[in-house]
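The following pair of complexes shares a single chain, chain A, combined with chain B in the former and chain C in the latter.
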Partner chain A sequence: MRAPALEGDLPVPEEKPGFLKGNHAGAVRTCDTTGLPVCLEAQKFIQLNAVMAVVALLIGGVVALLLGLTRWPSVHLLPSEWYYRLLTAHGFNMLIFWMIFMEIGILYFAGTTLLNSRLGSKALAWLSFGLMVTGAVTVEAMVFAGKADVLLTSYVPIKAHPAFYLGIILFAVGALVGVINFFLTIYIAKRDKTYAGSVPLVVFGAIAAAIIAVVTLLHGALVMIPTFTWSMGWTEMPDPAWYRLVWWGLGHSSQQINVAAMVSCWYLLGTLTVGAKPLNQAVCRGAFVLYILFINLASAHHLLVDPGVGAGWKIWNTSYAMYLAVLASMIHGFTVPASVEHALRKKGFNKGLFGWLFAAPWKNPGFSAFFLSLVIFGFLGGITGVTLGTQQINIIAHNTLRIPGHFHATVAGGATLCFMGLAYYVVPLIFRKEYPLKALARLQPYLFAAGIVTMAISMSFAGSYGVPRRHWDLEFTGSQFAVGFDSAAHFMMGIVGVGATLAFTGLIIFVLLTVWAVFFGKSNAGKPMESW
Partner chain B sequence: MSIHFPETNWFKAPTGGERVWIGLALAWCVVLTLAMPYWHFKGKQNSTGESYRVAPADFMARTEKFVGTNKVGELKGVPVVQPAPGGDAYLVAMMWKFYPVLKLKKDQTYRLHVSSLDLQHGFSLQPMNMNFQILPGYDHVLTITPTISGEYSLICNEFCGFGHHTMASKILVED
Partner chain C sequence: MSDEKAAEVIASEHEHEDHKTPGTMVLVLILLASFAIYYFANWKALADVWHVR
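Coming up: the complex of A and B.
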């Protein structure tokens, strides 16, 4: 007999205390691996959003390699215009399109399968998807046509083609419609009494992410609409300091959507890969509530060396609010591995302090991606983030490569790696296709993690020598005044290039295997997924 | 399990290791929260964000006046200007240069006004590695006291169009 696909103590149907009668009217299947109900309508939209996400990841990834090779001084690949253009493309494809398409898929999954419900509205799901795709394609077209060389932040007075801002607005409205559809799903599940009691933890985390998403997208509207009307010549230019303040209400809060979604997926993957249970539901849920309450205020750390906001404001908003949000991550950073340890010890891996860790299923890419994501996000991302958010340290770090060094640890090594791990279950369970070349898939999370860690650390070192981010030329060729950086900085930039190449290798293996699996993979319909 | 419904009475206070950890983490967060204002008042380098609204043309006029009265030389065609010790100094950022070159005296305190005529720019002093944001419409006042003499590079580290990576200048500090 084959080993069971899921190592956890997975439920047989009668062990699901909360499930009552579903409301799917026939359009449902029972997952052959987990026994959970899968709403077919939702499944389709999860698939659509996931496919778009992977397309964005592919574009963002190819572009990332070119950027990495440009910042490698001895390669210096792209001409300057294309460096800035592709930097804009990279930011949008990765941070916005890849992440948010994934997250809408996760919301649909959490709202339906985990609550035994049908999708709130098919029409809204189409509307959301249509708007998001239209918005994304518009932004891509403008960026690649050279009509929007303004980078992700598009700080006014720099100006792009109006269609670029319109594309962002369409995408954001589409995402908002998707979030509303998620809330509608929960409402319907509650109304139809498809479950009893409190929602599962993963759904709770998804709700936290969705609430933050609403706040974020409202900031997005607040800043992007006047910028769009300005670009059309209808209104005055928004004030640059005001723009930065509100833009970061969007830009930073959206990182909290990513965090909340990622942490939910940590719990999800912990359960799927080793059968982990949260030790204390109240603690985990309380930590999600902290994210909702405090994160928006913490976006002040982007303005620490700005004019327009005073010292008192900077201190106030970076202290209590930031640390209460940090507290939430510190709690999850404990409860998640603790639940994994607990589950593995229960299986008898009890040797010593860390015997459970060695016995963990490191060959399962769902597990390795999840656990590496936890470690990279927690240690590298968390420590650099808290450091950079200090007023005085920010003076020596603002707009240097220390900043991308930090956030590649959080969004690439953290959230992206976690979502890759999720894909190793989404494809077999939702697309019902098996991954080919499993050995390569097993290696993939390690390659990507190693690349991102190398790149993040070397960026941080280069940044501490003053090397600016978003900058094409360390040598300042053609400048009136010569500028020189320490030779250690040049060396570090070489390592950035090496790390980027390695991370790209991990990324492209993921994309190719996933595309292969989805379109040509062996179907596993009717039987449990193969064990990793 | 995280994906299943919790038992009905799931609300319970943390116990054991979890409780200890939350306590430690909370204590650490409180310490850092208090450290923020402490560092501000005890520390020697802060970004106070002191700033005033100013129209770009007005700021340029002030700078020209400052250059006119305090110019002491030229470097690569750019005026070198020595403000009175303890006085105001002006620096304009524009695509893609800084104007003028400042010559400061060690251990003297200056009120350095920086602003932009066009886009957002960065004030990045190297190799000290001190970085501030420059916005058009805002007179950002940096109160600075150079403590080491020498020749420093000033570079722009906010993307400001395709010439961004050529935007550099000097700040000279003499004994």
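Coming up: the complex of A and C.
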């Protein structure tokens, strides 16, 4: 608080939060739609990362359809070795490559556009992108060549080709360089005073995601480097229990980067679509801090039936620390729709309890994808996640199809759908190209959401009947003893296949429309984007 | 849909505004009720397969 002015003092001008003079040295344009400054160097790297993200989404999506049709008992499409091979590819493309490429693009956007700053380092951005692409291509090559049928977890002692581990390390180091470049951008923006006041909430969320990313990628280095040296024959095999513990510091925490980035995008899309503002800065930022402090401990719920760690450790991490991260999600689960409600009520949509919700721009795929993502993440992903993360309940669900039922609601229905919604703004505002076939684009989020919801719920029901996750054959053909599943389980697996097909339809429409828009779309340079 | 440009909204996001959001309150109460039902059903399922005598 400033001291009261004494008589005769000159009035000190208030420094209002917002943009000041940028430090772009000419390499900047003002967005014709949002009025935000767009750093041209950062724009190029946002575009490159977004393109790679969509390529990974396409690969992961095609593979997902094949997997869904294999787990559908009456179709049972793939032979067993290709099932596990493609399951490995699906995990890497959807959980790692699609997400992390998008997130590096989001970090560059948040650091430059929202802080009115130049990119920290062009050289670092190239280095990051080059390492990530090299790593991703190496992993893809090893997996599709059949030299890494080890699934995403790649638990030792199952051994893959050394190039597979090297690819993961290169990708992780590339992502880490991207994150460092983001922090450098923030430092430069702060040093050059390109903005006044605290950073915008979206940037604060991006910083939270970046901090979680550093923790995640350090875990990755810690576990993957000794695994790589072991695969080369240079060192002994890492201890399997140690491997599992540290690997989940990479495997689950990478999904927490997604959560923090997704929540940041919810706030951003709320602003872009209905002009929403965060209702309470302290509460929203406090929730992001809870993510930083506690969300990585939630990784422990993957080890709830692991004999290598004790009950006290499991209970502390999953029944105490994890709930503080859940509290953060519940705070965002209130503040995000509340900010949308407040913005719409201010525009006059005040009728009854839900007049604002019916008046929301549901034809805008940016909005529908964002709001559906919020609902699916909260109702399906959140509720099942907290329940399955309870140590006692986990014993009846662990390694069943209930687990993929949960995380398809969080990762696909939540983060992926949200990032699709973001793309409906990235393409017109950053690539400056219009989407074709707008009616199909409007339908796309609903198709994808319906497919994912159908699939996630039927996976959960099938898992409740004991259907295992990551298993090629529901009948356990050739096993020493007969394994019979209830006919309801078979029915649910059929619905999983239907849901997967529907979700794939939504996904492929998104990819085709986006690729068409980027390469052949009508340019909107010099004018605002067309209305949805 | 949004009349104000995003740049103006973001620049003014620190300004305090009074707000009433009864619709969202109802939505989150539905979420909490759904969670309570699902959580209870899972404890019941656990009790059914894992008897404590």
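Everything below uses one rule, namely that the second predicted complex is superposed on the first by the 515 of 532 C-alpha atoms of A that agree within 3 Å, B and C clash if a C-alpha of one lies under 4 Å from a C-alpha of the other, contacts with A are read in each partner's own complex, and residues count from 1 in each chain.
Following the convention adopted for this analysis, contacts are C-beta pairs under 8 Å (C-beta built on N, C-alpha and C of every residue); 3 or more make two chains touch, one makes a residue touch a chain.
Just so it is clear, the structure is predicted and the values come from calculations on it, not from any experiment.
Undergrad: Using the superposition on chain A described above, determine whether A:357 touches chain B (first), chain C (second), both, or neither.
TA: second
Undergrad: Quick one: classify A:391 as touching chain B (first), chain C (second), both or neither.
TA: In the superposition, A:391 touches chain B alone.
Undergrad: Looking only at contacts as defined up top, I'd like to know whether chain B or chain C touches more of chain A.
TA: B
Undergrad: In the superposed arrangement, does A:334 touch chain B (first), chain C (second), both or neither?
TA: Touch partners of A:334: chain B and chain C.
Undergrad: Who does A:473 touch here: chain B (first), chain C (second), both, or neither?
TA: A:473: touches chain B, not chain C.
Undergrad: Please indicate which partner A:400 is in contact with in the superposed arrangement: first for chain B, second for chain C, both, or neither.
TA: first
Undergrad: Taking the superposition as given, does A:43 touch the first partner, chain B, the second, chain C, both, or neither?
TA: A:43: touches no partner chain.
Undergrad: Name the contact category of A:275: first (chain B only), second (chain C only), both, or neither.
TA: A:275 contacts both chain B and chain C.
Undergrad: Look at A:185 in the shared chain and tell me whether it touches chain B only, chain C only, both, or neither; answer first, second, both or neither.
TA: Once the two structures are laid over each other on A, A:185 reaches no partner at all.
Undergrad: If we overlay the two complexes on their shared chain A, which of chain B and chain C does A:231 touch? Say first, second, both or neither.
TA: A:231 sits against neither chain B nor chain C.
Undergrad: Both chain B and chain C touch chain A; at which residues?
TA: Of chain A, residues 16-19, 36, 114, 197-198, 200-202, 271-272, 275-279, 281, 330, 334, 338, 386, 390, 392, 395-396, 464 contact chain B in one complex and chain C in the other.
Undergrad: Show which residues of chain B lie in contact with chain A when the two form their complex.
TA: Residues of chain B touching chain A: 1-8, 10-15, 17-18, 21-22, 25-26, 29-30, 32-34, 36-37, 39-40, 43, 45-51, 76-78, 97, 118-120, 122, 124, 126-127, 129-141, 153, 155, 157-162, 164-170.
Undergrad: Quick check on the complex: what are the chain A residues that touch chain C?
TA: 16-19, 31, 33-36, 114, 197-198, 200-202, 271-279, 281, 330, 333-334, 337-338, 341-343, 345, 347, 353-354, 356-357, 361, 364, 367, 378-379, 382-384, 386-387, 390, 392-393, 395-396, 464
Undergrad: Could you please specify the touching residues of chain A with respect to chain B in the complex?
TA: Residue positions touching the partner: 8, 11, 16-19, 36, 80-81, 84, 114, 149, 151, 155, 157-158, 195-202, 239-241, 244, 267-268, 270-272, 275-283, 303-311, 313-315, 318-320, 323-324, 326-327, 330-331, 334-335, 338-339, 386, 390-392, 394-400, 464-466, 468-473, 476-486.
Undergrad: What residues on chain C touch chain A, complex-wise?
TA: Its residues touching chain A are 1-15, 17, 19-24, 26-28, 31, 34-35, 38-39, 42-43, 45-46, 49-50.
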